[in-house]
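Labels A, B, C, D and E are assigned to the chains in the order they are written; within every chain, residues are numbered from 1.
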């Protein structure tokens, strides 16, 4: 895996191994925030951004943790540092770019304890990605998450106008839709295997 | 003399059916005839176009609602028991946006009371018992020297004539021809499209009274200060075009132009787009692009009434439909009850199912035969059992997109319909431009799911109006 | 004279045309294709067609009853789903799996969302994608076309006992038709760089799903539907056009590696999918501009999956992705409001 | 929990209290962690070793011991810690008598869904690959996972030709996957019908790995045979 | 803890998570691990056990320290505590069985972001004495395990024709591979929720109770 090309990593992460639809990561925000298109897109953007931050943090931390032989602190340090970093970014944004803060800020705290974020950190460590690979992976994960979120939001907005049977309302409907999307995304399996 | 007309609105040749595009896209002009986008092509059913307008006799009792126009109802000038002569004003305008009403026949006022109206609710109406001896002679007039009158005089004379938009809008004509100072009108468009199926009253008027139409057109041009007038006629009425062309004045300020037959070609904004290639922005009026549109029927009638100084007491009505024995265009005195009209024209069988005032696309079904013919009634259609389809099953929207393909206003009726079904009225108004729908009916016409879209939109508009009020 | 008057709202005339009519015509248009498929593959294909269609109709009835809705069988949509589904399955697909596919198509593809008009993806494709994921071996087990004894015996897989694995039929298939390799034209191209000739495609002498091969019939039926206005011609045009363009581009880049556009158009389920599946009204955009985007995306994704994906065929997934994108496409391609200047949309 | 009983916000805690708390919690957690880590470390290492050994022994039947090495252009070293630059990992398996049975190495290639990681055994005497096992895969159950069980496929790895050219720089014949039933040469891998993608991934992985590893390994074979 | 309401008994405390407020079926929490690892009943149970362990450990520690932790840093403290127990369980599983460890993969470590655990620490353990917190956590953990088991069993039965590795239908059974794949996970959980919706729609009283609970 460590020798995979960047485009391969990106394509596979966005489509074939989509974080939400193939890896079951980030399901809570996926189910929770996919009701409307106009929130789905900023949420996706904010998540992508946090993933990038998390990926950077995790890369540095992993380096430190491995160098000092403190593997057992990896998880704790990841989660604490990522959460703090996001908090920091939030503060900086609030101070220097209020517009961007208004657009993304409200989503940031929601995102911090999202398994997709930690997932990016853990997977890039497990797959021993290089620095650049890790960044591409994080962006791919974010784009994939956004894609799934936006598709889902579109479908759910449309179903708001449908007469869906009562027993299918709520989480059940969202999961079934996610299942259908996941089924459709299976078509991308193996995409980019030839490089 | 033509410096007031913007370059891109330069008059087109009235010679060709295939007018070249003003932007010079000549290549496609053969394929792309000048018209608005989308729309539908319903069957014309204009069988009455071939026979001359006939005159309908007076009914024994006439009903004249005080509100036959948009605006404040007229104020009665007569009391019960008073005798009136044909043409005499029996109600006066109440303010600027209002018009007087004239007695359609000699007779005696029976009462001023609530009577059934076409829209449903009972409205204040003057009931006139017609003397059997009443003649076509107009017993009252206030002649007007049209050649020397100022625009203001003309507008006053038009208001006094009680004229409203005869195409069905019933907007007082003088108000329409009163242009606020900030707008410079360069073109008067005379709407001779009559795009509704079945209706032929305008067609016959153009054929039979082209000279009156010219007089009316010139009066209107003077009133609004337009440099030119374009009479737009659909290409299924070429005989009318020919009749008008023979009467066109030599100065070339009035032209006639043929537009493709397509519904709703006769809608103001659509016709402006077809003739001039400009689109009136949403929420704006034709005068914002320097245009005023008037119906041919209105102008032809004006051309008759104004020089003589008489009021509007009769109009041409197309009485037709599969349920009518003697279909045709009739001069019908205003106030004639529907029952009388139908008796005269003959209803084919007792199983007439639907009686529609106006055209089949936008007209209104009436519940009572006691409803009178008012100024805005251009047609009376009677559909029999065969032609009124049995209750059609309504399916959910299958998103075929036909409605989107035909909506002349560029709306998304499919989405609007689904929103309406979920009562999301705010979204309809805010995000999907419900306010721009003028209920032409194209969407419902094509909908394979038989969703009553226009009706849903009407309801939604009403709710939005009452909310914002 | 007292006529009985009915009150209706305008417009008082309508074009005719109804959902039932559209659906019925689609069924009629599918029948020649189904007939060709039976002629090609014999009894097994016939059994599959009947079973899958009945499964769809039965499921529709069941769900309508559960939902307490009046029957909607008269709208023919379940029949269309059944026929399309059967035509997209291998001709000797075990009947019990076909029934599962039919049930899933109606249940997950349609009933879940409230029935006709509300489905978000083409039900037939949902059923197909489900069984493709569930029974990957059976759905890639093919039988030869025009085997001599096709009208006298069923393929051994057809009557597999429910829930059980179908038997291996490679020996049977080899004996049924000499030289039968069991690979579809796309698989032959992808893995062995062997191109099937256009003649084989046109005569139907290829290994394929039941209804994929009759390109001419599909185009004729589609043309009929389009001419009658029951099908938006833009969708197949956009899909086939964009797929051909993409194929042309790749062939220009590397002629040795990528096949010609004609092969791309004729092979696999592209024709059937473009004409009959992608054009499903409920799951395709409503705006004319959106329809072009939708079709172009499906064409390109199909070629991408075929060329670079793990699967040999991608039409089905491309259409499902297109379906999923439809609400978004609709959103961004709302028609321009009359009189509004471009770029200024509220 | 409910708005009704929302207490007034308590007075702000001093920074000292916060730091004290975090310190205490961190200490408690740290102690717990270190304890766990130390107590499980051996078991985990043992588990991993056993798992690896089991995998290697499965690929090289008859092996009794195994040792991991890194081979690089500079030589062969025992695999402890980080690999030398350009180093590749391989395992040398010996039988009970201490004779080198074969070497094993891991290969990987992108399969249908994800990386397919396999272990293969190389017999330096006969210059063939004669053992094969799957380490990890995410291929479709029922299709791709046939590479673990399919008899015909496993038969490919009885004596898969992996000869090096005379200069010892590359394989004479690239190992490649061919369509099911089309195997003609000893260096070809007969794909599983219906699982062509996965089969080819295996072939590609082994070819890439062997193509890199074997030329590096060749000069040191004799030494490996000697060293216990 | 609505005023005037009786302090729930220990049994109620235990049953709350197990049934009334089941994290999987009622609250729809912790979906990521619930879907990712439940391809077999064994995996489901292992994941359930691991989560229960973390729940218990963090509940105990949080409850013990509840009067000691300042409000401002409580979330950070909880996260550290949870992460500690997750790391512990990660090592324990690896020490016990590498096979299970590899089957669960990174999802063991992802327990740390299971919102259910943080939610329990915040809403319950920090306000109750250790025994009560443990009882509640045990109920939640078992409820979560039950949910995972329900998912895992269905997926294993359809996807492999077996339950806990024991073949149910004989060798010729045709596995429904889709059940082991991501779409199958979504569909099975969706179907379970559908079943629950249907059941609740039939018993309006139960529905009301659940609503009160989830808002409480």
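Going forward, contacts are C-beta pairs under 8 Å (C-beta built on N, C-alpha and C of every residue); 3 or more make two chains touch, one makes a residue touch a chain.
Quick caveat: nothing in here was measured; it's all calculated off a predicted structure.
Chemist: Return the chains shared as contacts by subunit A and subunit E, ordered by label.
Modeler: Touching subunit A as well as subunit E, we find C, D.
Chemist: Based on mean C-alpha positions, I'd like to know which chain lies farthest from subunit E.
Modeler: Farthest chain from subunit E, going by C-alpha centroids: B.
Chemist: Measuring centre to centre, with centres taken as mean CA positions, what chain is farthest from subunit D?
Modeler: Looking at centroid distances, B is the chain farthest away.
Chemist: When the mean CA coordinate of each chain is compared with the mean CA coordinate of the whole protein, which chain is closest?
Modeler: The most central chain, going by mean C-alpha position, is C.
Chemist: Which of the two pairs, D-E or A-D, is linked by more C-beta contacts?
Modeler: D-E
Chemist: Using the average of all C-alpha atoms in each chain as its centre, how far is it in Å between subunit A and subunit D?
Modeler: The computed centroid separation for subunit A versus subunit D comes out at 29 Å.
Chemist: Which integer distance in Å separates the CA centroid of subunit A from that of subunit B?
Modeler: 60
Chemist: What whole-Å value do you get for the distance between subunit B and subunit C if each is reduced to the mean of its CA atoms?
Modeler: Comparing mean C-alpha positions, subunit C is 49 Å from subunit B.
Chemist: Where the centres are mean C-alpha positions, what is the separation of subunit A from subunit C, in Å?
Modeler: The computed centroid separation for subunit A versus subunit C comes out at 33 Å.
Chemist: Residues of subunit C that contact two or more other chains, please.
Modeler: In subunit C, the residues touching two or more other chains are 108, 114-115, 117-118, 130, 133, 136, 310.
Chemist: Residues touching two or more other chains, restricted to subunit A: which are they?
Modeler: In subunit A, the residues touching two or more other chains are 72-73, 76, 162-163, 168, 173, 176, 179-180, 183, 186, 189-190, 192-193.
Chemist: In subunit B, what residues contact two or more other chains?
Modeler: Residues 396 of subunit B each touch two or more of the other chains.
Chemist: Can you give me every chain pair that touches, using the contact definition above?
Modeler: Pairwise, the chains that meet the contact rule are A-B, A-C, A-D, A-E, B-C, C-D, C-E, D-E.
Chemist: Which bits of subunit C are touching subunit E when the two form their complex?
Modeler: 97, 108, 130, 133-136, 138, 160, 163-166
Chemist: Can you name the residues of subunit E that touch subunit C in the complex?
Modeler: 169, 172-174, 176-179, 181, 183-184, 187
Chemist: How about subunit E: which of its residues touch subunit A in the complex?
Modeler: Residues of subunit E touching subunit A: 28-29, 31-33, 35-36, 76, 79-80, 83-84, 86-87, 90-91, 106, 109-110, 112-115, 118, 178, 181-187, 189-191, 193-194, 197-198, 201.
Chemist: Using the touch definition up top, name the residues of subunit A that touch subunit D in the complex.
Modeler: 1, 4, 8, 16-17, 72-73, 76, 189-190, 192-193, 195
Chemist: Where on subunit B is subunit C touching in the complex?
Modeler: That would be residues 36-37, 40, 42-43, 197, 269, 273, 279-282, 284, 323, 339, 342-343, 347, 350-356, 360-369, 381-383, 388-389, 392-393, 395-401, 403-405, 407-412, 414-415, 430-433, 436, 439, 441, 444-450, 452, 454-455, 458 of subunit B.
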